[in-house]
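Presented below are the structures under discussion, each in the form of structure tokens.
Note that chain A is present in both complexes that follow, paired respectively with chain B and with chain C.
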Partner chain A sequence: MTLDASISPSQSAKPTARRRWRIAAWAPLIVLVLLCGLITLINPNFMTFGNMVRISQAAMIPLVLGLGATFIILMGSIDLSVEGGLTLSAVILSMLVLNGANSNAFGMFGILIVLLVGAGVGFANGVIHVRLKIPSFMVTLGMWFVGVGAANALLGGMAIRINDPMIRSLAIERFLGFPLGVWLALFCLLIALIIQNYTRLGRYIYALGGGEDLAALSGIPVGRVRILAFTLAGVFYAVGGVLAAAQLGLGNAQIGTGRLFTTVTAVVVGGTALSGGQGSVLQTLVGVLIVVVLSNGMVLMGVPPSVQIGVQGLMIIAAVALSIDRKRMRIVK
Partner chain B sequence: MVNKLISGALGKPIKRRDILKGAGLIGMAGVFPAIITRPAFAADKPTVVNSIRSLSNPYHATWNKGGAAFAKSVGADYVTLVTEGNSEKGIADIKAILAKTGGNAVINVDPNDSPDARPIIDAAKAAGAYVVTQWNKPADLHPWDYDPNYVAHISFSGVPYGKAMAETLIKKMGGKGGIVALGGIESNVPAIERKKGLMEALAANPDVKLLDYQVANWSATEALEKTNAWLTQFGDQITGIWAANDDMALAAVEALRADGRAGKVPVTGIDGIQLAVEAIQKGELAGTVAWDPYWQGGMGLAIGYAAKTGVFDPAKEPKEHREFYGKGVIITDENANTYYAENIAAEPKMDWNDIWGRVTGQIQYD
Partner chain C sequence: MNSIIDTIRTDGLRQWLPLATLILLVILVGAFQPAFLEVNTLLQLASDTAVLFILATGVTFVIMLGGIDLSIQSMASLSSVVVALTLSSLGYGAFVFAFALGALAGLLSGIAHVRLRIPSFIATLAMGGVLSSAALVISRERSITLGESERGYLGWITGTLFGIPNVVIIALIVLAIAHVLQSRTRFGRYSAAIGAGEPAAYASGVKVDRQKIIAFVLSASFAALAGIILVGRLASGSPTLASELLLPSIAAVVVGGTAITGGVGSIWRTLVGALIISVVRIGMTFLGVNIFAQNIVFGVVLVAAVAITIDRSKIPIVK
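Here is the complex of A and B:
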């Protein structure tokens, strides 16, 4: 992987802690490599190009969602509205583009509206969280249900088939062997990297996660940064919604079910600390790949279905145990 | 908070936060009694009540339409209760409606979980209301032990229909090949029964090999991932996919489509949702079974209503009318167009007086 060199941008910010951090930050990548090796030993089909494409297909949505969630978790907050934002976006998209239920056909314009809806959901999260001083956990929990509820209200329990060839091409059409959706997800990763490393917002997010009091005292507009970060995350969830709708070829109110767990797992397994300040979007990429490779690999290895979920749980604990830096922690809650 | 609101009314300045909190309270007050009801003008007729899991899935949404259609046909008040997967809420809402109607009610309930049926029946018997349960109840709870209030229990055996779909699939495959199967939540009774049906069909067709059986928890997302992994593992060995419900079957079709094989590998589902019927018309799905939730929502009420209004005496009915399996409709490319035209494009036509028309035998517990 060519990404290795920049796996932990926080290294450059903490020169004194560099040596201690090295192993911890690389642990998820080592786990990923070991995992791939183990699965290949048992089933050589794993390392075929066809399977790489399928893994990338399975990873594209968790990756986009994880990018959004990474910014929130880097601030030391949590965003539970992943499923709400995604479901609402997917459902609205299915109603705006060429579909089997009404005569709309907004195409590209429909996607723009959906991204605005996602931004709106995130913005609402941020404003309520900052202005009313309600913990992000509660605000986003509420927004999760508001999003799914609104999607329900829009559809009345039905599912809408998407016929728009442009949307469907994200899942079906390929460039260099990979579906267009995968390239879109990689483009989102690039954007997230730029925001994280080269914009004021990205650096402020790290500052907030490292110590919000200090950040506020040094003149960082804490409230505005938080609102912007939640808005940004909302846009990423909307992209996730577009991809989910494209993949299943439909929009329904259950399209987001189970995605929050995968998202937060991927971010944390990648080594981004729930306490904030440490981690990066590239680590989230590694985390997503670990989660996806594991679930793909367990089917390939013929692990019985009843054991799979337990193995996933053990994997989470192991990955976090490897990547955590115990020396800097005094209290664990 | 209440004190603050009162003090506001007494002349102290009200803060913006307080107004928001108050607005929030009013909002919540509107949400919590989720009993969607109309004023009870026709108080002499029993109120007819459907209690279902949610209105967010096509299955229960159609169930609700059937209930409304029956209520309209007899001119009774119609109430929909939604449990949202919460047993306590489901039971409490039913008790509330019993209190509101003074027991002059007919309840058709799909209990959220099997144990819920007992407190619901107890409450209804105490109030004098009539109940029909569907799908879930404890095996030792029988309608004839609660005469006349517990009118009937309706369920559908997954075994024959899981088997019928596997046979449809095997026929499409030409009697030989390899299939992969997507199952529902492992502990669910319908998932267990449908799998059993699949296994029976496989035992009768030794030329068809079950390559793998995976649990995708009724979820399209999980089914898509599992199918993708299978396409890697087995590739062209897969010549058929059996799924325990339509959501998973349609996801398998999408996985095949991304692989350029949609319509070439036959897939079957179960449940008969609209998108599945459309996929059969397009030739991408080989078959499904419709439980006809429209019938379930309306006929459950019709049976209870007939008992409540004295059309028949539950105590005198045979046991096979008190605990029975209903009839599923098998849909394949042969009848998909007709089914679509009669049940989806148009409002289904039902004879609500034909209350025992779909009895296919007494429920067996083993």
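Here is the complex of A and C:
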């Protein structure tokens, strides 16, 4: 009898919990569709092919950055070093490929080095975080400024023009109407999806976010997973750096300014919970599109760009407030 | 590695380490550059540290509770813009207005953090975005230089009293107020208790939420004051005026020995930390390190100081 009483409430609670979760996962997509409909009503130019291309161009870098950050946030951690990794990568890229400042022309090999640099930055984040047991936001806050500072030290306040045709083609050449960079970003999405769904790392990341003590007890090498996830995120930021350098046609130390904010907004607006364990890279895609479509719509309506940071700030607060699972965190710091 | 950190942490050594570091640094820089130890240079150092110290003092209250405030630099910039814009019409009221705006922003951050239960680093990151957006909009993305008549209102910041720059005196008043708040009031005691163990503080009847909101109000108000001082020193306001000050401020708090996990710390330590940061900066400038590249050093110092001061027993799972 007592057994029945204890089982029945948990059984009845399960379906409702699952249903709530499903709504939480679909809500961002519904918001996106509503947003598109609303903006089209106000300004029919929104739904033209030309504007879609513009949106995809604006979305490609936030998407790549958001993919990396999603893995970190899924673990319940945070990565504030987005701008550091991106800036350092973009600046090093501009110095390695055919450019206006030195005689280097490493081309593809240069991109490879940049990806390694990104991996190195992420690896450093992960090792310091795990081995010295420092909260990730503190480590990555430091790394943010170390990265940007290093980029500044390399450049000495200059900007370096990129002349490499392959890098430039990412922004200029088109396939099916969309720039190659957009296809590169979609390729990154595919890779992130595979890592998330079909690799041990992806499953472990979810397990860590769901409950790290349980994950550790069931034999998951928690420290190694964390270091790998930060390294992976670093590689994504480096790809973001390559895309940013291609889009601007140069490398400078201000290339990352404001990107952390957009990245965090996109991930949390997509519905990935900061407490970890819930969310996916596809939701980040939706989140990125919400952020980009909204700012595109604001541009169409003539709202000054400086207002958009403020709107993003409010979006972060609203999205986090709606998605946080408060039962799991009694103490919020 | 951990055993080294443990030995540094144990006994009183850890408590005096920041002060010893400061004295050592001063002697070191003085040995290379004897002019550094002259009274005028030291007063200049104190004036240059004032803004950093005020920002760091505000954020100390939040860190004592175990939270963080990443919006102080945006608040200081916004405050500088508000003062620069309203000084001609409001006179001295402009300072009060900017200060009140700071308190209001802190109240909003605190409410977002406490009522909506959003982690403080994300709530203040978002609030920082809102504030810097507001600063950009009202300044029309330009820096605002003050006219000759408006500069007349800045005497209390730019002047000197018995040969001591007023900025230093303001910083000392801030130090006194903050010290009293921290060590002589209920708020101060409760903050330390919450930082040391929130569930215990909650269970013994401390109104945790209220203390947290007060801490965020103090942090943003002090940031607004720092913005006001910056206007006085530079005779202009700009939406990006203080954006380089977030990292040094947090580094000052942590380097001084206040633990990022909360519970351990004091305003005195923050003063020592802010002076260390200033001396290190002067030392680096003396060595010819690029001012932007100095952020590399501050980033590393920040992480190292956190590694030494953090209380790992309080965070079984480090996220």
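Simple rule for what comes next: the second predicted complex is superposed on the first by the 285 of 333 C-alpha atoms of A that agree within 3 Å, B and C clash if a C-alpha of one lies under 4 Å from a C-alpha of the other, contacts with A are read in each partner's own complex, and residues count from 1 in each chain.
Following the convention adopted for this analysis, a residue touches a chain if its C-beta (ideal position, glycine included) is under 8 Å from a C-beta of that chain, and two chains touch if they have at least 3 such contacts.
If you're wondering where the values come from, they're calculated on a predicted model, not measured in any experiment.
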Query raised in the report: Which of the two partners, first being chain B and second being chain C, lies in contact with A:Asn163: first, second, both, or neither?
Result: neither
Requested in this report: Examine A:Ser306 and indicate which partner it touches, taking first as chain B and second as chain C; both and neither are also allowed.
Outcome: both
Query raised in the report: In the superposed arrangement, which partner chain does A:Thr40 touch: chain B (first), chain C (second), both, or neither?
Result: neither
Query raised in the report: Which partner does A:Asn197 reach: the first (chain B), the second (chain C), both, or neither?
Result: neither
Query - Greater residue coverage of chain A in the superposed arrangement, chain B or chain C - result: C
Query raised in the report: In the superposed arrangement, which partner chain does A:Glu212 touch: chain B (first), chain C (second), both, or neither?
Result: second
Report task. Would you sort A:Gln247 into first (chain B), second (chain C), both or neither based on which partner it touches? Result -> first
Query raised in the report: Is A:Asn104 in contact with chain B, with chain C, with both, or with neither (first, second, both, neither)?
Result: neither
Query raised in the report: For chain A, which residues lie in the overlap of the chain B contacts and the chain C contacts?
Result: 132, 148, 152, 156-157, 253, 306
Query raised in the report: In their complex, what parts of chain A are in touch with chain B?
Result: 43, 45-46, 48, 50-51, 54, 57-58, 100, 132, 148, 152, 155-159, 161, 171-172, 179, 244, 247-250, 253-255, 257-259, 295-296, 299-300, 302, 305-306
Report summary line: The chain A residues in contact with chain C across the complex are 75-78, 128-139, 141-146, 148-150, 152-153, 156-157, 212-213, 253, 261, 264, 268, 274, 276, 304, 306-314, 316-317, 320-321, 324, 326, 329-333
Report summary line: As the complex stands, chain B meets chain A at residues 17, 20, 54-58, 60-61, 183, 186, 212-215, 219-222, 224-226, 228-233, 235, 247, 250-251, 254, 257-258, 273-275, 278
Query raised in the report: Mind pulling up the chain C residues that touch chain A in the complex?
Result: 1, 65-68, 112-114, 116-123, 125-130, 132-134, 136-137, 141, 198-199, 247, 250, 260, 262, 290, 292-300, 302-303, 306-307, 310, 312, 315-319
